[in-house]
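Each of the two complexes below includes subunit A, the first together with subunit B, the second together with subunit C.
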Partner chain A sequence: MTKQNQIENITRLSGTDPKKCMKCGKCSGRCPAYKDMDIKPHQFVMYLEKGKIEKLLASKAIWNCLSCMECVERCPRGVAPAGVVEAVRDTVKRAIGGNGIKAEDIPPIVDEFIPQQLLVSAYRKYNK
Partner chain B sequence: MKICYYPGCTLKTKAKELDRYARASAAALGVEMEEIENWQCCGAVYPMARDEIATKLSAVRALDYAKAHGGKLLTLCSACHNVIKRTNDDMANDADIRARANNYLKLETPYSGETKVVHYIEMLKNIVGFDNIAKKVVKPLNRKVGAYYGCLLLRPNKVMAFDNPENPTVIEEFIRAIGGTPVAYPFRNECCGAYVSLKNKDLTKRRCNMILESAKEKGAEEIVTACPLCLYNLQKNSDNALPVVYFTELLAEALGVKND
Partner chain C sequence: MQRIGVFICWCGSNIAATVDVERVSEAIKSEPGVVFSANYQYMCSENGQQLLRNAIKEYHLTGVVVGSCSPRMHEATFRKAAEAEGLNPYMVEIANIREHCSWIHKDREEATEKAIILVRTAIAKVKLNAPLTAGESPVTKRALVIGGGIAGIQAALDIAEAGFEVDIVEKNPTIGGRMAQLDKTFPTLDCAACILTPKMVDCAQSDKIDILTYSEVEDVKGFVGNFKVKIRRKARFVDETKCTGCKICMDNCPSKKGLNEFNMNLNNRPAIYIPFAQAIPNVAVIDPEQCLKLKSGKCGLCQKKCGVGAIDYTMTDKIIEREYGAIVVATGFRPINIDKFNEYGYSENKDVITSLELERLMNAAGPTNGVLLRPSDNTHPKVITFIQCVGSRDLTDCGKPYCSKICCMYTAKHAMLIREKYPDTEVHVFYIDVRCPGKNYDEFYRRACEQYGVDYIKGMVGKVYNQNGKLMVQGSNLIENEQVTIPSDLVVLATAIEPEPSVRKIATLLTASIDTNNFLTEAHPKLKPVESPTAGVYLAGVCQGPKDIPETVSQASACAAKVIGLLVKDSLKTNPCVAQSDESMCNGCSQCANVCAYGAITYIDKEFRLGGGKTETRRVAYVNPAVCQGCGACTVTCPSGAMDLKGFASKQIMSEVEEICRK
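Let's turn to the complex of A and B:
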C-alpha cells in the first residue's frame, strides 16, 4: 500500500474529517489516558492531516486509549479523535503479526472474578 | 407489562447477580422481562471503523427480533446497551452500514432501526416511574450512595441520549427513589480504565483509585454501577476505598425481594 493509500484508508475508516480540527486541544485536555498517550488525541488528528502515518502506526497510545469517547464528546468541531485512534489501531492489528494480545498471555492473568466482558472487549479492541 | 430483554454473556456468568436482582425487582414492579431467543454476545465494544459490519450483526439480529416482539429491547449491562444502541443508530441513520448489514442478514423485511433500545434505568424512570418505585419501597436504603455512570451509558451523547453527559442525575434520582441519599462526586462520569486493564493495569488502577477516593471524600458509603467491567476494575484494580455493588442489588433490597 502506498503512503497516500494508507492516509486515505485510515481517514476513511475513522469516519472523521481531520481538516475540521481547529487545534484547540480540548480533546487531549479531557483524555483520561493522557499521561499514557505518547501521541495525544489532538495529535492523532493533526498527524493524519499532515500524513505522518509512520509515527501514528508506531504509537503506544493506540493500546492505551480507553474508547471512553470523552474526546468526541468535547470536540467543538465534530471531529472524532477516538475514531482516528481506532482506525490506526485497526490498521496495525489487521496486518500479519499485528495483534496486541497473545492468547498464551491470558491464562496467567485471569482470576476467578474476571468478567467475560473484559476478555471479549480486549480481544475485539486489540486483535483482529 | 412484557418487554424483550437482552441479557448478554457476562450476565449469564460472572455478573449473574446484576441479572437476578433485575428480574426479581422488575417482577415486583409489574414488568416481565422476556429473554429473547438465540441471542448472541454483542461483542462488548462498539466497532468504530467504517468497514466493520460482521461485528455488528449480533446486535442487529437482537434488534430485529425485538422489532417483531413489541418493538422495545431492554438492556441492562452498560456495554450491551452502548453497542446495541449505537448499532441501532447506524441501522436507522447510516445508509451504507444499513445496506451492507441487510445484505448479510437477508431478512424478510430489511431492518432499519425501528426498535427502541431501553436501558433498565430508563425503564425504571420512563415506564415504571420513580414515584411508583418509591411507593413500593419496603426497606428504604437510608445510606449515602455514589452513582458511578462511567462512559458507556453516557457517551457519545448524540446517540446514547441517556442523560447530560457532563452532569448526569438520573441514577441519583433512582437512589433517592429507593430511600438512599445520593452523593455527587466529580469523577462519576469518568472512565474506570475499561479493557485496558488487561494490557496496562497501572493505568486502570490510577483511574479506579481516583474515582473511589473522590466518592469517599464526598461522603459516599458505597458505589453503584450497571457495568460488570466497571465493577471488576473498581473492586479488583484498586485499593478498595469503597464497596461497589450493582444498582439492581440495591433496588431488590429496597423492594424487599433480594432473597427471591
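Let's turn to the complex of A and C:
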C-alpha cells in the first residue's frame, strides 16, 4: 500500500474530514487520557491533514485512547478525533494480522469494577 | 415588419473567453427579423451604448436584444439608451449569456451553442413585446421603524432630521434596546448609557418622532410608498399620558418576585415597574403575570397610591392602523440559549455567567450597584476565566455556524475593565482566534495583553466542573501543547448572538427574505447592503447580520438616507409589467383575488354588449396597476386563462420555450 493510499484509507475509516478542523483544541481540552497520549487528539487530526501518518502509526496514543468519544461529542465542527485514532489503530492491527481478543475471551477476565466503556474500548482495540 | 438589432457583449473576457462571440453574432444574422447583429467588448460602456443608439437610428430598429450579463445588472442601462433614441424601453430584452452561460460552462463549443440558443430565445420574446408605459403611485411621507434599539433610534433621528415623520414601534416598555444594558463600549470605553440616553431623549423630544413602546407590528399591507400597518398597543395598565414616572407605585407594589429582564434576570423587580432609570418613555408598566390585582383581584395598592390616577386595570390591547411610505427593520438580537452546552455547566453553576450578565454585574445601575461580586456568595472573584466562541462557529445543534463578531472585542473590554478596577484579579481568556479587525480594534486587544496583563490562552475549554467551591476550567493550551486546568472563581461565557426571534414574524409580514440563521437578507451583499429585496423595506443592525455599535449606527444612517431618498419623492414610477385581466374570458371565480399577496385584485360588475341590442352584466376581475407587483401568481391560478402579465405574457413565455426546444 502506498503512503497516499494509506492516508486515504485512514481518512475513509475515520469517517471524518480533517480539513473541517478549525484548530480550536477543544478535543484535547476535554480528553481525560490527555497525559497518556503521546500524540494529542487535535494532533491526530492535524497530522492526518498534513499526511504525517508515520508519526501516527508509531504512536502509543492509539493504545491509550479510552475511546470515550468525548472529543467527538464536543467538537464544534463535526470532526471525530477519536475516529482518526481508531482508524490508525485498525490500520496498525491489520498490518500485524492475527486476532487479539475474541468475544468469548472477555467474560473470564471481567472484573465488576471495570467500566463497561473500557470493555467496549478494549474490544475495539484488540479485536480485528 | 419587425426590425430587430442584436448586440453581443464580450464583457471583457467574462463572456468572450468561454463564448465565441463572433460566431454568435454571425449565427444570429440569419434569424428572421434580425436586421443588425454586432458584438462589442463592453456593451455597458459609453461606446457600447452609442453603438446601440446608432443602430436604432440607422436601421430603424423596432426591437433590441442584448446578449450580456444578468438583466439585474444592466437592463436599466440599455433600456435608457434605447429610450433616448425614441424606442420604447420595454422593447429591449436581455439574453443572459454570462451568469447563465459563460460563467458556468468550461467547454467553449457547448457554451457558444448555448449562447446562440439563449439569444434566439430573447429574439422570440422581443418579437411579441409591446410598448409599455410606467404609471405612477403616490408616496406616504411617513416612515416606520420596527425596533427601538440603537439602530432604530439612529434611523428615526436621521429621518426626522430631514423633516419626515417617523414612528418607532418597540415591543418592550422602553426604547434603548441591548445597548442600554451595556456597561462600557469598545474601543473607547465610554459608558453606554452616557452616549445612548441623549439620543433616546432626542427621540422623545422630536416633534417628528412618535414612540410606540410596548407595541408590536400586527399586520402589513400594501407596497413601497403605500404601506398600511396595523400595530398592537399592548395593555400597559398605566395611562402613558398621565404617568409621571415618580416610582411611588414601584415602592408600594407588594409583588416583588418578577425577574428583572433588564438585569438579565439576576435580581427581581416589582410587578409594576419602569425598566431602568433613563427609560423612554419614563412610564410604568404592569406585568400581568406578577400583578396580584390582575391575577386575583386583590390588591390595587398602586392605584390607591398613584397621585395622578394613571393606573387602569381594565386596559386592553388596542390595534391602531397607520400608513407609511417606507419601513426600517431594526429588531436586533439576543444571546443564544446555552443550557445545552453542559460542558460549561452554565445551568449547574451560578458562577458561570454570560457576558451580558457580566455587563449588568459591572454596571452601576445593575443588581450589585457596579461592584463585581460573584452571584453564588456575593464575594469578589479573584480568578476570572473567559471562554470565547461559546456557540459561535459551532456546527452542532446547540450552536451557530457563524462568527458573532462582537465577542472578541467585548471580552477584551471586560478583561481590561476588571484588571483596571480590581488589579489583584487574575484574568484568563481561552480563545480560538482573536478577531479584531476595525479602527483601533487590534490595538485595543493588544492593550489588554500588554498593558493590562490579561492571560490569553490559545485553545478551547473542554469542561468546567465544580471542585470544593472552585470552578475548574479544563482546556487546551495549544501553543504550549498542554492541557491546563485553571481553578477559577467566576467563568464568563462569550455567548453567541442570534436575531431576535420576533423577526421571523415581521419578515413574513413584510415578505422580506430571511436566511437559515434568521438574519434578514439584503438585496445585494455588497452594493445594496441596507435594502431588503422587498422594495421600501430597509435593514439596520444585527437583524441583518452580527455587527457592533459603530457598524450598526452607520447602517442605520445609511437606511435613513435611503428612506429619505424615497420619501422626498412625490410619486414613484410603477412597474408597467403588471397583471391584466381579459374581461371577455374572465368567469369571475375570485381565485386570482385569493392568491394575490398585495390585494391588487378586486371584482367589478360590468355590462357587456351581446349584440342585437342585448346586454349582460358579469362580475369580472380588475387589477389595480398601482398595487400589482407583477409577481404573476394570478396568471398561473386563473383557470380560464384570462389573467396575463404585461411584458411576460403566456404567449411570450411559450414562444421562448418553443425557441429553446427548436432543433
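In the analysis below, the second predicted complex is superposed on the first by the 100 of 128 C-alpha atoms of A that agree within 3 Å, B and C clash if a C-alpha of one lies under 4 Å from a C-alpha of the other, contacts with A are read in each partner's own complex, and residues count from 1 in each chain.
We take it that contacts are C-beta pairs under 8 Å (C-beta built on N, C-alpha and C of every residue); 3 or more make two chains touch, one makes a residue touch a chain.
Computed from a predicted structure; not experimentally measured.
By the touch criterion defined above, A:Pro76 reaches subunit C but does not reach subunit B. By the touch criterion stated above, A:Trp63 is placed in contact with subunit B alone, subunit C being left untouched. Of the two partner chains placed by the overlay, neither subunit B nor subunit C lies in contact with A:Ala95. Once the two complexes are laid over each other on the shared chain, residue contacts for A:Ala87 go to subunit B alone; subunit C is not touched.
Look at A:Tyr34: by the touch rule set out above, it reaches subunit C but stays clear of subunit B.
With both complexes superposed, B is the one of subunit B and subunit C in contact with more subunit A residues. Of the two partner chains placed by the overlay, only subunit B lies in contact with A:Val120; subunit C stays clear of it. Overlap of the subunit B and subunit C interfaces on subunit A comprises residues 70.
Interface of subunit C with subunit A (complex): residues 343, 389, 393-396, 399, 432, 458-463, 474-478, 481, 483. Subunit A contributes residues 12-15, 32-33, 36, 63-70, 72-73, 80, 82-83, 86-87, 90, 100-101, 106, 109, 111, 113-122, 124-126 to its touches with subunit B in the complex.
Of all the residues in subunit A, the ones that touch subunit C in their complex are 22-31, 34-35, 40, 42, 70, 74, 76-78.
Interface residues of subunit B facing subunit A in the complex, by the touch rule stated above, are 8-10, 13-15, 41, 43-45, 47-51, 55, 77, 79, 151, 155-157, 165, 190-191, 193-200, 203, 207, 227-229, 231-232, 235-236.
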